[in-house]
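Please find the structures below.
Both of the next two complexes hold chain A, though its partner changes from chain B to chain C.
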Partner chain A sequence: MLKYTTVEKNDFLLVSLEGDLDIEGTEVVNEELIPELVHYHSINISLEKVPFVDSSGMGLLISLVNTLKEQNVKITISDVQDDVFEVFELIQLPEILGEEVFI
Partner chain B sequence: MFRRELSLNNPEPDNKTKTLEREIKLARNIQMKLLNGNNPKIENGQISGISIPARLIGGDYYDFYLLSNGKLRIVIGDVMGKGIPAAMLMILTRGAFRSAAESTKGPGETLTAMNNAMYEDLRTLGSFVTVLCADWDPCQRTLTYASAGHNLPLVVKSIHEVFEAPKIKGVMLGGLPSTSYEENSIKIEEEELVFFYTDGITEALNQDGEMFRIDRLEETLKKNYGLDVKEMEESITNSIDKFTENVPQKDDITMVLLKVNHDQTNITSYNSPVINP
Partner chain C sequence: MQNIISKGKNLKEAINIGLNLMDVSKKEVDIEVIQQEKNGFIGIGRKEAIVKISLNQKSSTSKSDEAKVMNHVTHTSEEIVEILPIDKDGEHSTDVEGLSDERNSSFFQSGDSQLEGKAWVNNNKIYVKDSPFHYPTVQIDKGVKLYKNGMEVQEKSTVISQNDQLDIKLDESSEKETSWQVSLVENGLKAILKVDPGFIVNHRIKDVDPDKHIDLVIEESREVHNSLEYEDVLKKLQDFRVIYGIQHNEIVQAINAVEPGEFVVAKGRSAHPGNHGWLDLKVDVNSMNGLVEDESGNVDFRETKFIPNVEKGQVIGIIYPPKPGIPGVTVTNEPLPAKQTYPLKIASGRGVIEVGDKLVATESGRPFIEQRGHLVKATILEKLIHEGDVNLSSGNIRFIGDVEIIGQVEENMTVDAGGDIFVHKSVSEADLTSSKAMVVKGNVINSELNAGKNNLLIAELGHLLGIMNKQLDKMIVFIQQLSQSPAFKSNDFSITGLQPLIMILLEKRFQNFIPYAKQYQEVVEKGENHLEEKEWVQIAVSLKQIFINLSTQVTTIDQLRNLSQKMKELSELSETPVEPDSYMAVAQAVNSRLYCSGDINVIGKGCLNTKIHSGGQLKVSGMVRGGEIYGKLGVSINEVGSNSGTKTIVSVPSDQKIHITQAFEGTLLRIGNKTHLINDKKNHLKAYLNQENELKLESL
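Up next, the complex of A and B:
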């Protein structure tokens, strides 16, 4: 089950996701995470503890990034595991979300 | 009369559940009929496809379409999510493929046309679809393919050798507007088998939370080299069942198998729609 922790520094929020990012994470991302994050100016999401992302999880990630961008929140994603990033590249996620999102 | 109308408009909870169950079953029947249509019969070759939804209905998709130049267009796709929402988008994908297949020259163009047709809807719905499209040329024995973020097919050459078709990039449908898709071609020799699949196979979990992974899939394919497509299909499903034991299936599982027999392959029948019956 997907969990997350947050650390706040001024206007910046560091979000660490933990667990598989798949359809089970729909409620956590859409109903908890997104409403909480729209109040910040700058956010980094660490995927260090996310070993697996399936197609539904990628949809959630796209929806998360796009929603925050629409609210003028600066968002970056870091610490993506190699296996996971390989899948991101296969579907050209960096091109879809913007190359600058992945740091 | 009035009472009857009233009861229809305000069904009891039990009736509501029954109505819902009935509608889901009907939806499942529609999907199964559309999905598991007749496999084309290929002279000196075999093709087969199967889709096993994780729930009553699913979001995986495969289809075949015979082109006027004698080639067979194959498509396999995976809609984001599962269950009823994914099934609705799967029907949308099927429609987009069927109209695109008729008017496009190659698999790359087909994916571009499908993305153009579906992009707005998929963005509105916050969803996307990964699709692999391939043209099988039975005369030249070439497989030309393009991918919209979908995993590439495996080619089983012998009991000792299986390889993944060379990588090509491509954004999933609904990812970017007006995008184009690269194509690549490979030769398929006699007795070789091409295996198209969705990630429900490689990501099937066992009781320890371990995935089936591509390594086990490749081993199963090599071990069963030489079987006909239906037998191979059964071997793969048995192998997944044996691995997962009683763990409930988490994602839809879909595979399409193309095997080239000796001699020249000709497509003799197909399930593309009859426009003017």
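Up next, the complex of A and C:
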């Protein structure tokens, strides 16, 4: 089950996701995470503790980034595990979200 | 020889050369300096040293005494300097001694005076005969090494003399071994033996007749040595397990071959292809091909009236089952299957039933048979004859059979026929669509004419399906690949299906797919009435569900595979040509659009500002002024463009030609993706792409 923790520094919010980013995380992301994040100007999401993803999970990530971008929130994603990043690259996620999102 | 005058760069050289030639030592001669050498300034004013050398009387009479003296003084160079005060460099007497060579001097004495100053080559040896006035020179070619007195000559050419010890060395004779190889080709139907016979290359120096300048040239001779043995070949064939159809005489030819070659050393029996199922027609089904010109260029409009007919109960044709082919045998004695044969697939439409192996008409009318691959459609078409004009009082005409209109088709009317359309008068601002042929005897003004609509549609849809099918196949492979990634969880496929993944893929990786799918939808929706096979529509529905609407219905990879399979079948079907194809013939056209899947013939004065698309040959007997015309199987026009330079585009695919009797400026020729604009009037023009893909114009 997906969990997350946040650390706030001024306007900057560091979000650490923990667990598999999959279909079971739909509620967590859509109903808790997104409403909370829209209040910040700058956000980094760390995927350090995300070992697996599925297609629904990637769909969530896309909708999360796109929603925040619409709200003019600066968002970056960091610490993606190698295997997970391989999946991201296969489906060209960096091109979809913008190369600058991944740091 | 009593005395000699010798020249050299300096005194030392002059003396040496002189002594060399006379074959004597310094002791035996008197030397008189005639001219000292002068170096001049950077070569200007240079003078050679000249000496006169004469045998001194004493030495010639008592040579043996002199020899003693010579031995005595041999190693004291200073004394020699004293004896020869002109020799400033202190010449070593040992050099002088080495000059006497018994072989050369005896040859010199016995030699013919004609040979003087010449050199020659005989039997790989080089011979020289000196002359006091000339030294033979020799040019050394590649591969030859000339050793002068034990030293290899590095220069390309050199001066030689009788007293030099000359040796020639050549590259070793080389040997190439026979190489051979057996391979099975054409699925084991043949065993091929490739032989490259070995040879020995011998080198020798070409004999040269005596001359002042000679070339040392290598002569190469090859001796073929084919070392291939009969047993070697048999053993190799055994290794390949070749047991059928061994050609012994070919093997014998191969082992005796002197040139490289290929030999078929074993031959299987090729499969004999069978026949697909076929239809033997018992009635005439083709109507006359439109309005055709006779030899004198006249068109008989009555000729098109011929339309084949069948009575109720008449046998239209007999269906023959496929005949399977006879399998062949490979050289390894394995069966070689013949290509599979297929039975005809009969779609009997209205008025036709299948009775056993026969097609029988149940109604009277025009038999219509259309074949595309293994699929045969047979129907009896009725004919509607519309007396008078098509206008608001008659209403639009839609009929599944042939339509003949005795009058004209007026503004904003539509005629839609499942068979042919024949209009006796003109068509203006109207819309005519036929699934087969179309003939208009009058003018076509501001109208849109479509003949063979069904075929055009299928060609267009088939093209789209071909593109989408490739992408879909890639998508399927991609999904499988992704499922194997270590960090990818595929368990949501069972809950949501592939939809979330497809959505992401369409976002970027397959972003071209949606436009094609949408285009396909549109074409199907527009032409739904003309699509007789419902599979085309089914694919449109599937595409919409899976890719466009992204419905909540669970999609599995097997569904994608099924879809891909169907697309592939239809795409292949669309590529097989239909028989008979449709055609269109009109008298003249103004501001209109003519589409036909087959040939188009414009018989009258021609067309103005008209867009023409022909899936076959396009022929215009009159002129084409303005507009855009295309013929998939070539275009021939009598006159194109105009003096005023109206822009007219004539295009064909890259493998076709354009023939124009008279072309005016403003005509743009397009062949494949190459274009050419005609700037001045040209007669009898032929345009095509050559093998380098350049547009070529031939003007007669």
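To be clear about the criterion, the second predicted complex is superposed on the first by the 103 of 103 C-alpha atoms of A that agree within 3 Å, B and C clash if a C-alpha of one lies under 4 Å from a C-alpha of the other, contacts with A are read in each partner's own complex, and residues count from 1 in each chain.
Following the convention adopted for this analysis, a residue touches a chain if its C-beta (ideal position, glycine included) is under 8 Å from a C-beta of that chain, and two chains touch if they have at least 3 such contacts.
What you see is a predicted model; the values in this text were computed from it and never measured.
Engineer: Given the alignment on chain A, is it a clash or a fit between chain B and chain C?
Structural biologist: Here the two partners, once superposed via chain A, clash with each other.
Engineer: Go through the superposed model and pick first if A:81 touches only chain B, second if only chain C, both, or neither.
Structural biologist: So A:81 only meets chain C here.
Engineer: Should A:62 be classified as contacting the first partner (chain B), the second (chain C), both, or neither?
Structural biologist: both
Engineer: Where does A:54 make contact in the superposed view: on chain B (first), on chain C (second), on both, or on neither?
Structural biologist: both
Engineer: Is A:90 touching anything from chain B or chain C once the two structures are fitted on A? First, second, both or neither.
Structural biologist: In the superposed model, A:90 contacts both chain B and chain C.
Engineer: Thinking of the overlay built on chain A, is A:6 touched by chain B (first), by chain C (second), by both, or by neither?
Structural biologist: Neither: A:6 stays clear of chain B and chain C.
Engineer: Is chain A touched at more residues by chain B or by chain C?
Structural biologist: C
Engineer: Would you indicate which of the stretches 148-156, 184-192 or 238-246 belonging to chain B has clashing C-alpha atoms with chain C?
Structural biologist: 148-156
Engineer: Pick out the shared contact residues on chain A: the ones touching chain B in one complex and chain C in the other.
Structural biologist: In chain A, residues 23, 52, 54-56, 58-59, 62, 90-92, 95-96 are touched by chain B and also by chain C.
Engineer: Touching chain B in the complex: which residues of chain A?
Structural biologist: By the definition above, chain A touches chain B via 23, 52, 54-56, 58-59, 62-63, 89-92, 95-96.
Engineer: If we count contacts the way the header does, which residues on chain A are in touch with chain C in the complex?
Structural biologist: The contact residues of chain A facing chain C are 20, 22-23, 51-59, 62, 81, 83-84, 86-87, 90-93, 95-96.
Engineer: Quick one: in the complex, what on chain B touches chain A?
Structural biologist: Spelled out, the residues of chain B in touch with chain A are 78-82, 126-128, 130, 149, 151, 167, 169-172, 175-176, 199, 203, 251.
Engineer: Going by the contact rule at the top, pick out the chain C residues touching chain A in the complex.
Structural biologist: Within the complex, chain C contacts chain A at residues 478, 481-482, 485-493, 495-496, 498, 500-501, 503-505, 507-509.
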